[in-house]
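In what follows, structures are represented as structure tokens.
In what follows, chain A forms one complex with chain B and a second complex with chain C.
Take a look at the complex of A and B:
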């Protein structure tokens, strides 16, 4: 922390929040709101004189509320920056007449009740999101009585109680009678691995944290009896199994089973539990003088604010989504933005440090080069054809397009475009051209494929990242499938315009398949949701026109799913065989008439 | 509109027996010749090899080719190779396109040579048709401001800031709370070293 505070290349802004970020990779403009500290940071010597005279006493957050602080305070003795601040929500008033004791006492005169919030602006080339995590609050789980039974504490409170700088100066005491407990029980997975109560995922750090806690406890107080109740003990990292073994050797008992309830003895304030030991297959009763809930990790509550600043996405667990879970685990889908630490997923200190160094290296790749090549496959706007309907702006996952329908203006930042082509597929006025995947290019492929013997060919639109790659994987594994498929590559399934599908049917295709990445894996954040919507609309339209909607399929196939691709092709072949030449002819007739009607309508509109 | 005065070169790769083993490469070359604007065709045992690439470069220069279709493996495999290859003789890298007749044809229809050849022919023709609409594209280069914003001053934010600052870049570290350290600063000790967190 001190290294950061004194580094000449780091400008540290505490009590600060990013208010807005504009621009794009290499060229972000940042506005930061720095809240007033009411103590001049550079002048304060942390002498503590002000604290002694402050009359306000409130719970200390840093100590998990286990002790108190004043309204003027320093979060903890080693804090960086080493300067006090006034908590204005609790100060008796900015008006010195109301109190003003601290300002009076301060020799350096560095307390300024009139200090104003500041807006600081600067430019950067890259952004690292290291916003961290929240700790699960077990209060809603009334079976454990946290908040009611004082001797039930969380693992975070345990940390403070055992810390030399903690509220009890490192002496482990139980809250009700402030004496050392003889027995301590730990309950694992509190708020983790549970769909209904807490989070469905494993929080990654709690098993090792408890093992560490039991070792600390046994080191300090070998006579304390400690038992851990768990579902699985996950000691998977380097050196972790050793610690687990040491803990067991130190006499800590590990019992596989999670207690259903904690009951307090109102006289002794001891805690009783009933648990099924699933290794011994028997019900057991235990009594402890103190219990620790090993609480899990949750996404930060304020994540949506950061998410909006940088157009990020979240995975279903609520943490930030990476550009690719295997190959780009540090990059955000937005160029020039990287993740470090628990913002991306729960991590321990070592993993956070590892990812932070990786994020720094990824950022440095851009910074060292000093220049960045922009995507050449982007969309191109023809403002003359635009009717300001805003659909493109809604569809763009990167907010590269802004439309003001009242002022009839449209603006487009090409550097933000990643080239999914969803805007082009949604635009009904041909105002957007998708470079390298233009309407003409795609239609020419459809036409060529269906020129001869169209009835035994299936047109498959496949997105570059998942389903086209899945077809390649299938080839690599030499998985055989019927030779009726004809693939057309697009960057994203979001590019597949309604008119491409209808064109293929009009040219005699018995079956058309739109395929893309699985819903949450879209390489363009959520562009494939537009694919889904569009295909659903098309199904309705086909039905209305008297064309069997079953002839249009929507398939999600990942890059790894070669087998699924082959199976899908097999299944489609069966469906294709059921489409008769008469049915195809009928479809061609319907759609040719429909095209003519549409053409006449367009002509009228032009007039 | 497609451009009609184009000079398209079509190069079919045998990929050893990977392609030639299950599709008839000579038929493909003959079919390609019949397509509009195709002025040059060739086959090679390994198109991606140095001699294969030399053949493409030579043809572009001698025949003044302005579009190139390479019928070979997946573009996910060798598109960068061929883009670089054509760039070397001055053709815009977006004017080369790959018809995937290996992963999506010869490898997956190994038991039906006739139908596999028919499909490969379709794929090549579709990519020739597409080539007539290809346009040069430009990968614009923009400068990068040599500074980084780090949001969050916990252990991850601090580590990332220090790495970048030590490398000589300006870092702006923004922390919501009044002090650095995040959740880690509240821990008594951290595993696996069992030492102080601050």
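Take a look at the complex of A and C:
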């Protein structure tokens, strides 16, 4: 941390909040709200004189509220920069009559009550999001009585109690009577792997944290009896299993089973639990002088604000979504933005450092090149045809398009476009052309497929990343699917325009399938939500026109689901067989009439 | 012992049984269970395991499935959202359908058939009701009989000899 503060190429902004980030890869403009510290950073020598005289005493957040701090303080001993700051919410006031003791005491006169918040603006090429995580609050799990029973603590509090710089100077004591406990119990998975009252995922770090804690405890006090109640001990990393073994050898008892509830003995303040040792199918009663809840980690509460700054998306667990879970694990879907640490998923120190190094390298690669190569499949705007309806701006997952309907202006940053084509599909005025996936190209594919014997062809629109790859997997695995399938590749299912589907039906297709990535796995953030909306609208429209909506299908198939692809195609084949030639001819007639009506309407409008 | 691999699907199909297969046997249900504290035979975690393993005969035929007191402590605390109280209801329903019924419940039905209610309201209670301005409770055998008929209980638990006499 000190190195960061000293590095000539790193500018550290503390007490600061990013207000807005505009622009795109290589050209981000950042606006930062730097809050006043009320102490001149460069002058302060951290001599502690001001702290001694400060009369305000409040709970110390860093010590988990187990000890106190003053209104003028350093958050924790290693904090960078090593300068005090005043917590103005608790300071007795800038009025020198009220207090002002610290300013009087400071020899270097570096306390300035009149310091103002600042707005700092600057340009950067790339952004790394490393906003960290929060710790799960076990108060709502009333069976553990955290917050009610003083001797029930969280793993974070345990950490402070055992630390040499902690509230008890490294002496492990229990909160009620401040003496060393003889027995300590640990409960795992508090708030993790809990569908109902916590987080559904495994928090990744708590098993190893507990193992480390028990080893520390046994190291300091070999006479303390420690027991761990767990569901599964996940010692998965390098050297982890060895640590687990050492903990067991040190005499820590591991019991597979989660206690039902903790009951406090009102006299001794000891904690009693009833637990089933599930490996022995045996009920056991244990009494501890202290219990530690091994709490999980949760996404930060202020994540939505960061998300808005950079148009990021989240995975269902609430952490930020990477561009690709396997191949681009540090990149955000927005170019030039990278992730490090727990903002992306719960991680331990080693994984966080690994990801941070990778993110720094990824960011540096872009900066060193000075140029960014874009895919050629971006969209092209024709401002003459645009009616400024704003639908494209709403549909764009990357906010590449901005429309001002009042001023009748449209602006488009091509560098932000990833080529999903959702804007092109949504545009009703043909003002947007998708390069390499133009309307003409797709329509002529449909025409060619349906030129002969259209009644035994099924038109399938498949997205490049999932469904088309799923079809590939299916073929690669030599799985059989009916020969009626005719695939048309688009980058995203969001590209599938209403008119393509209607055109296919007009050309005599018995069945049309729109397929894309699973709902939360869209490779273009949330473009497939627009697919869903559009297909739902189309079902209504088909019904209104007297065409069976069952003939249009929406399927989510991922790249790994070759078997599912084959099965879906077989199911569709069954449905296709039920569509008669008469029905197809009827549909062609309806849609041709509809097209004619539309053409006449357009002509009238032109006149 | 014969196993029925489809047993877990049968239970999972029932209301409340949806999450049954998610159970990772942490044992919090058993540790929370007030019945388990007094009766070794009753172990929710074990019952779920038995269902998942397909031990249909053993589960449906057993005494312990009738012991659940529906306190919902396990349902409340289960991390995987297995609604065990409802799983128990599903198991009990299936047991009845398959003809396994605990004698205590058969006895209750016998009382219902005889008196139309489980707890007899006698003169003393009725006088109390009148004092409070409530109507007297009559024997409502016909009404209960109809419910029993509609629920199809007569096919599952045949009438006893002495049912008909009253």
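Methods note: the second predicted complex is superposed on the first by the 607 of 607 C-alpha atoms of A that agree within 3 Å, B and C clash if a C-alpha of one lies under 4 Å from a C-alpha of the other, contacts with A are read in each partner's own complex, and residues count from 1 in each chain.
Definition applied: a contact is a pair of C-beta atoms (placed from the backbone, for glycine too) under 8 Å apart; a residue touches a chain by one contact, two chains touch by 3 or more.
Remember, it's a predicted structure, so these values are computed and weren't measured experimentally.
Peer 1: So, A:371: does it touch chain B (first), chain C (second), both, or neither?
Peer 2: first
Peer 1: Tell me which partner touches more residues of chain A in the superposed arrangement, chain B or chain C.
Peer 2: Partner with more touched residues of chain A: B.
Peer 1: Looking at A:275 after the superposition, I want to know if it touches chain B, chain C, both of them or none. Which is it: first, second, both, neither?
Peer 2: After superposing on A, A:275 lies in contact with chain C but is clear of chain B.
Peer 1: Check the residue A:211 against both partner chains and state whether it touches chain B (first), chain C (second), both, or neither.
Peer 2: Only chain B; A:211 stays clear of chain C.
Peer 1: For A:231, decide between first (touching chain B), second (touching chain C), both and neither.
Peer 2: In the superposition, A:231 touches chain C alone.
Peer 1: Give one of first, second, both or neither to describe whether A:566 is in contact with chain B, with chain C, with both, or with none.
Peer 2: The answer is first: A:566 touches chain B but not chain C.
Peer 1: Contacts for A:126 in the overlay, against chain B (first) and chain C (second): which applies, first, second, both or neither?
Peer 2: first
Peer 1: In the superposed arrangement, does A:193 touch chain B (first), chain C (second), both or neither?
Peer 2: Only chain C is touched by A:193; chain B is not.
Peer 1: After superposition on the shared chain, which partner residues are touched by A:250: those of chain B (first), chain C (second), both, or neither?
Peer 2: After superposing on A, A:250 lies clear of both chain B and chain C.
Peer 1: Which bits of chain B are touching chain A when the two form their complex?
Peer 2: Per the touch definition, chain B meets chain A at residues 1-2, 74-77, 94, 100, 102-105, 107-112, 115-116, 118-119, 122-123, 125-130, 132-135, 137-192, 194, 197-198.
Peer 1: Quick check: in the complex, which residue numbers of chain A touch chain C?
Peer 2: Touching chain C from chain A are residues 143, 189, 193-196, 198, 231-232, 256-261, 273-278, 281, 283.
Peer 1: Please name which positions on chain C make contact with chain A in the complex.
Peer 2: Chain C residues touching chain A: 19, 22, 24-28, 30-33, 36-37, 40, 43, 45-46, 73, 77-81.
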